[in-house]
C-alpha cells in the first residue's frame, strides 16, 4: 500500500511536470506578446522592452522554463502579469468556490445517477429502464449553457426561488450545482445500470439469492457495493474535469471559481495565471485518479493486496 | 421406501427465443429420498443445471420459465409458492452450492459476514457468529477463526468450496443441491471435497442432488443416478446396476467413453487405432524437441514504464527430450507450470535455458528467423473456441498458416483446407462457416486441422480435450492417435487428467511448483510411482466403478 | 445632494489591480480615481481641469517650468500627511521601469525621463521639492497636455512606506488620500470601499461606501438591478437588453446614455497591398453603411467621419467625410485597378457585439467586391497581429477602441496614428506615418500657453482632417456609453458617464 | 452478423429509429442546404431587423425569425448543419483514428514503448480538456479545420484507452497466441486479427463521439473561439445571440434544440449500434 502510494506520487509529479512543460511551450508560442499588452497604448518601445525584461520574457525559453520549475518546486506559481501579484493566492482565493461547486455537483450526479441506474437495472428492458436511459441521453446531449440559461431564467429570474448570481449561501449553490449535476447524472445512471446488470448476473448474487436473502438485501448489500467501482473511477475523473472545466456554468451564474479566473487570464494572455490554473487542474485530475485508487480498495478488498 | 423429501414431477421448461418458446427441459421426473445422494449425470447442455435452478426457483426470469410440472418439497409444491415463502425455503430447507467456487462468494464481503448472513436469514440472530465459526470447523477448514475475517480472494479454491458448503449446510437443509461442485478444482482437492460431502451427509442427515459430468465422481458418490440427455431423463437406476448393467444405449456410450485409470496397465504405448505399420525412426536423428534447464520468469506487476517488480518463477530447471512419433505427457496440479512449459518450447514466452527444435536452438531467435521453425511445431490450445478468430471462416483459419508462410496460391490453400477438414472428419463444405456454428468437439478438430496444415513434426497439445464432453473427448483422442500413427507426429501432451495421460502417452513428466518431480516412461511412472506426489495424484482420481468406492478418509485442507 | 447610503456595483471581470502606477483598464480607472488624489483633477462630469491636491500652480512663460503649492493638512488613509516628496516619489515610481507600469510614457517631457527609463538614474531630475508644500516640474520641451498628465491616474500620490510595506502587492493593499478607502477585498468576489472621513474637500463623497461584486454576467446584473439588488451595472447594458429597457416605462430613469470620448474605427494597413493605395482606402471608406451598423448596436452610437469624437476639442463639425456611396466606391476601386475587388482579412475581438459588427462591415465590403475573411480572436491576439508588420490588413477596433485618457486631441494621435506607433508591437495598426503631419503635431503640442488653447485646438483639428485625406482609418461610429443604475441613485447623467472617469464615485449620491 | 439482420435489429428499436430519422434530416439539411434554405445564410437583410435594430420573431416570412444582423435563422440553421456535421465527422474521425492508432500500438507493443504511449495518454488526460481546447484555439487562430483538429486533439484520449484495453485483452487471447505460434508477423496480426475486432468500438465511438463533438464545438463557439463568422455553426449561432436569450429566445432556443436533437440522435444510434455490434455489451450502458 505504501509502495503503491509512493509510486502514485512519483507518477503524479511526472505527469504534472509533463503538463507544465507542454503548457509552457504552448503558451510561449502564442503570438500575443504580454509585454505589449501590459505596456498599453502609450508605451514607447523602450517601455515595452523594459517590461519584457522585467518579466524575464527576453530570456531563452529553456531558461525561462527552468526558472519556472525552480519556483514551482518551492510552491511559487509566479506573479500575474496583469494583476502584478502572486498567482498562488489568486487561485487559492477561488479554490473554495470551485471545490464547493464541484462537491455539490458530484453529490447531485451521484445521488441521481445511482438511484436511476439501480432502478433501471432492476427493471431491465422494462418501461422504466427505457425511460431512464432515454432521459439520461437527453441529459448528456444537452448543451451545458442551454441548461444553465434555462434554469437561471426559470428558477431565478422568473420564479425568484433562488438568487441569480453570486456565491456564499446554500441558495446560491443550488442552480449551478444542479446544472452540473443534471447533465452528469446521465452518465452515472448509464454506468451504474451497466455495472449493476453485470453484477446481478454474477454467481455470488445467485448465491445470495440461494441463501434466501430478501431482495433489498441482495441488491443493497451484495450487488451495489460490487457495482460501485466504476462510479468511484468516474468521481475521480469528474474531480479533475470540474476543476478546470466549469467555465460555462461559472460564467452564467457568476460563480467565483477557477474557470472564471482561467477565462479572464486567457483573454489577457496572463501566462502565469493560465499556467497556474492548468497545473491546479492537472493536479486535481491526478488527485482525482489517486482518490479513485485509494477509495477503490476500501470497497474492493481484492485491490488491497495488489 | 419412505415418502421422498423432494419430488420433481413432469417438469418442463421453456426458453424464450425470438422465434417463440423452445422446450429445453421436458417431462423430467425424479424423487429424492431422505439421506440419499442422487446424481444427475449427462453431457453438457442436457439440462442438469436448469433442473436444479428450477428447484431453487432461481431460473433467470427473462429467458426461462417453468412450463409444466410440480416440484414437491415434503409434499408442498414449490412452483406456486409466494416469493416470501420461497425465500424461507431457499437456504433453509434446500441449499445449493455452485460449480465455480472462485466467483460464487461475494468478493467484497468477509467470509464470516456471508456465513452469518445466511444463518440470520433463517434462524435467530443471537449466536449466529458462534454458529458460523462452528460450521467452518465442521467443513474442516484450517484456522476457522481467522477465516471469518478474510475475504474470498484470500482463500484457495478448495477452501472457498468448503465455505460454500458450510454456508449451504449452516441451516441444516433437508436437501443440498451441488452443481458440479468440484469441476473447477484439482483432482487432489476434488477428492478432499467429495470426501467431505460424504462425511457431512452422514453428520447432517441431508439428502443430496449432485450434478456432474464426471462418471468417476458419480461412481464415488451416488446412491442413485439419473442420466440426462437433451432435456430428458433417459435412465434412472441405483448406482451399482447402472454401472454394471446399463439399460440404455446412451448410458452405455457414456460409460464406454470414460477413460479409466489403470486401463492401460501392462502396456507400453497408447492403443493402436490404425493398422498401418509404425514408421521407424532412423537411429541418429535428433529428437524433435530437446529441452535443457528451461526456466521461465514472469514479470511481476508492471512498473511505470514496463519496469519489473519482483519476478515470478513459473518454470524452473525443466529438462526433457521428445522423439519423433512419441508422446510426452505433462501432468501436475493447476499452476504447476505445464502451460508455461508448452509455450516456452515454442518460443511464445521468453525463457532461459536451451530449447532445440529439430536440433536448432530457438533461444534468442528473431521472429523472422523463427519463422521456418514454426512450420515444424504447432500448438493446440485448451479452449478451441478461444483459439479461433471468431471473425474468420474456418476455411480461412485452416489456410491461415499456409498464408502466413506464403505457401501456394489462394486456390491451392483452399484445396488444402478442404482436404484437412476431411482428414479430421469434417465436411469440406464447412469451410465457409464460422467457429460459433460448430460444436466444441468440431471446433477442436478444426484446431487440429489448422495445426496439421504445415505438416509439423511436433504438436504441443495443451489441455486439448479438457473442455470437451466425455463422448466427444474419446473421438478427439482417437483422431490424435491416428494422426500420430500415420504421420509420425510427436506430441507434448499437457493435461491434468491422469486417465487421459495414461491413454495417450509413451512418456510422462510430473510437474509441481514449476519443476519436474518425476519423469520416465508412462508405464514406469504409472505402475511404480517413485514420488509420493505422483501417488497422491493417482489416488485422487475418482474411479468410475461404484464397487471400488474408497473408504471415507479424513481430508486435510 | 443627500449624504449617506451604501451602494452595490457589479462587474464581470476581476478588478486587476488598484495600484495607480499600473491599473490601466476602464474598470479600475474610476476606482483608482477615487482612492487617490492628484495635483490636478476635473470638475465632475466635464473635461474642465481644476487644481485638486494642489492649492494653486504657476506656469513659466516658456512653458518649461510648473510650480505647484500643495494643499495643507491632507492625510493619507494611514494617517500621515501628504508632502511634496510623495508627489515626486509617486511620479518617479510610475516612470521607473521596475514598476512595470504602462503609464510612464506620459511623463516623457519631464527632465531626466530618459535617464530614469534608461537605467542611468534612480529619480527624475526634473522634479524638485524645495519645501514640503512645493513641487516644481522642469520640462525638457513644452508640453501642452502636461496639466492633463498630472490629472491622470498615473500621477496619483501614494505613500512610499505603504508601497514598501505591501512588498510588491500594493495593488491589492492600496493606500491613498482619495475620497474612499478599501475596506475589504475578497478575491474573485467583491471589494468593499468606505468613504474617507478625512477627505480634504468637505461634503465629498456623498455615499458612505460602495461594494463591487465581481463575476456577474452583464445580463444577470441587469436582472438583479431590476429587482433592486444592484445599484449600478458596471458593464453597461448589453444590446439585447437595451431596447427592452429603453422602451419600457418600468426602466424610466434607470438608463443613463451619454457621450464619451470614443471612436470605433477600422484600420487600413497602409503597408499591405492593395491597401497601400490611397484610392483603395478612400473607396473602402465610402463602402461602409455606418447607419446600418449603428442600427445593429440599437442606435447606441452616432456615425463617425473623423478620428476625433464630437466631445473632443478640435472636432470639426463641418467636415463631411466620405459619404456612403457604393457606386463611387466601386468606381474608385476600378480606378485603382481593382474593378473586381480583392480578398483581404478583417480582424476583430471575439466578444459580442464585435464579431457581429465585423460581419456587417464584411457584408458592406462584399457589396463592392472586397471579400474580407473575418478572424474573431481574443483581444490579445488581435493586438499582437496589429503590432506585427504586414500581418493584419484590417482591424475593427471594437472592444479595444480608443477611449481617451484625457480630453485633449493629441491623445488621439501619437500612439495610434503617429509615426512612433508604427513599430513592431506598436498600436498604430494602420502603420500610417506622415512625416509632414508629424511635424505639425509636434508644433501643436508645443503651444503650451493656455492663452493659445484655441489656436492649438484648431491646429489639431486640421491635422486630423488631413489624416482623413490619406484615409488610414474608416471611422465607424462614436459609441455612447449606456449605464444602468437603480432608481434610488441620484445625480446628473454625466457623473455616471463622466468623460474622464467613467463612473464618478465622488459625485454620485443616493436619493433621500 | 449479416447486414440484413443488422439493419432489422436497428429498425426494431424505436429510439434508434427516431435517432436515425433525426440524423437523416440533419444530413439532408446539410447536403441540400442551398436548396432548402429560404435565404442565403449570411445575407443581412434590410427587412430582417426592426427599425431599432432588434431581431424579428418567427413569422411567415422568416419561419424561425431572424438573428441580430437580420439574417434568416432557419437558413443559418440549415447551413449550420453542414458545419456542425462536418466538424462532427472530421474531428471525430480524426480522434478515433488517433485513438485507435495509439491504443492499438500501445496495447500490442506492450513493454516500454506501450507503457510510454499510455503514459503520454495519461498526460493528455491530466490536461484539462476545455483549457487545452481554448489554448489551442487561441494559438492556432480558429477556422473550421482548426476547430475540428482541436476537438480531435482533446477527444482521442478516451478512444485510445478503450482501444488499449481491448487490444490488451485480444493480445492475451488464445487465437492471437495461435497466430504467433503459426509464425504470423505483427502486421498480419494487427491488420487481420486485431483491427477487425476494434471496428465495432470504432463505429460506436465514432457515433457517440459525434454527439460530444457537436457539444464541444458549441461550447467553444459559446466561448467565442469556435468557427469563424459569418460561417454559421449551431454553436456560434447560439454564441452570437446568447445575450438575447430573454429578449429574443428563439435565437437561443432553436439552435440549442438542434444541437440537443442531433447529439441525442447520435447517442441513441450509437447505443443501438453498441448493442448490435457487441453482443456481450447487450443492454448495458
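Going by the order they are written in, the chains are A, B, C and D; count residues from 1 in each one.
Criterion: a residue touches a chain if its C-beta (ideal position, glycine included) is under 8 Å from a C-beta of that chain, and two chains touch if they have at least 3 such contacts.
It should be emphasised that the depicted structure is a prediction, and the values quoted were computed from it without experimental measurement.
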Far-end chain from subunit D, centres as C-alpha averages: B
Chain ID, smallest distance between chain and overall C-alpha centroids: A
Computed distance of Cα centres, subunit D from subunit B, in Å: 48
Centre-of-Cα separation between subunit D and subunit C, whole angstrom: 44
Separation of subunit A from subunit D, taking each centre as the mean of its C-alpha atoms, in whole Å: 22
Sites on subunit B at which at least two other chains make contact: 304
Shared-contact residues (touching 2 or more other chains) in subunit C: 378, 381
Contacts with two or more other chains, residues of subunit A listed in rising order: 11, 30-31, 124-125, 157, 266
For the subunit D and subunit B complex, residues of the former touching the latter: 110-112, 114-116, 119, 173-175, 177-186, 188, 192-193, 196-197
Residues of subunit A that touch subunit C when the two form their complex: 30-48, 50-51, 53-55, 79, 82-86, 89-90, 93-94, 97, 152, 156-157, 160, 164-168, 250-257, 260-261, 264, 266-269
Subunit A - residues contacting subunit D, complex: 11, 14-16, 18-19, 22-23, 26-27, 29-31, 124-125, 130, 133-134, 137-138, 140-146, 149, 153, 157, 190-191, 193-195, 197-198, 240-241, 243-245, 247-248, 262-263, 266, 274, 277-278, 281-282, 285-286
Residue ranges of subunit D touching subunit A (in the complex, touch as defined): 15, 119, 122-123, 125-131, 134-136, 138-139, 211, 215, 218-219, 222-223, 238, 242, 245-246, 252, 256, 259-260, 263-264, 267-268, 271, 283-285
Of all residues in subunit A, those that touch subunit B in their complex: 7, 10-11, 124-125, 202-204, 206-215, 217, 221-222, 225-226, 299-302, 305-306
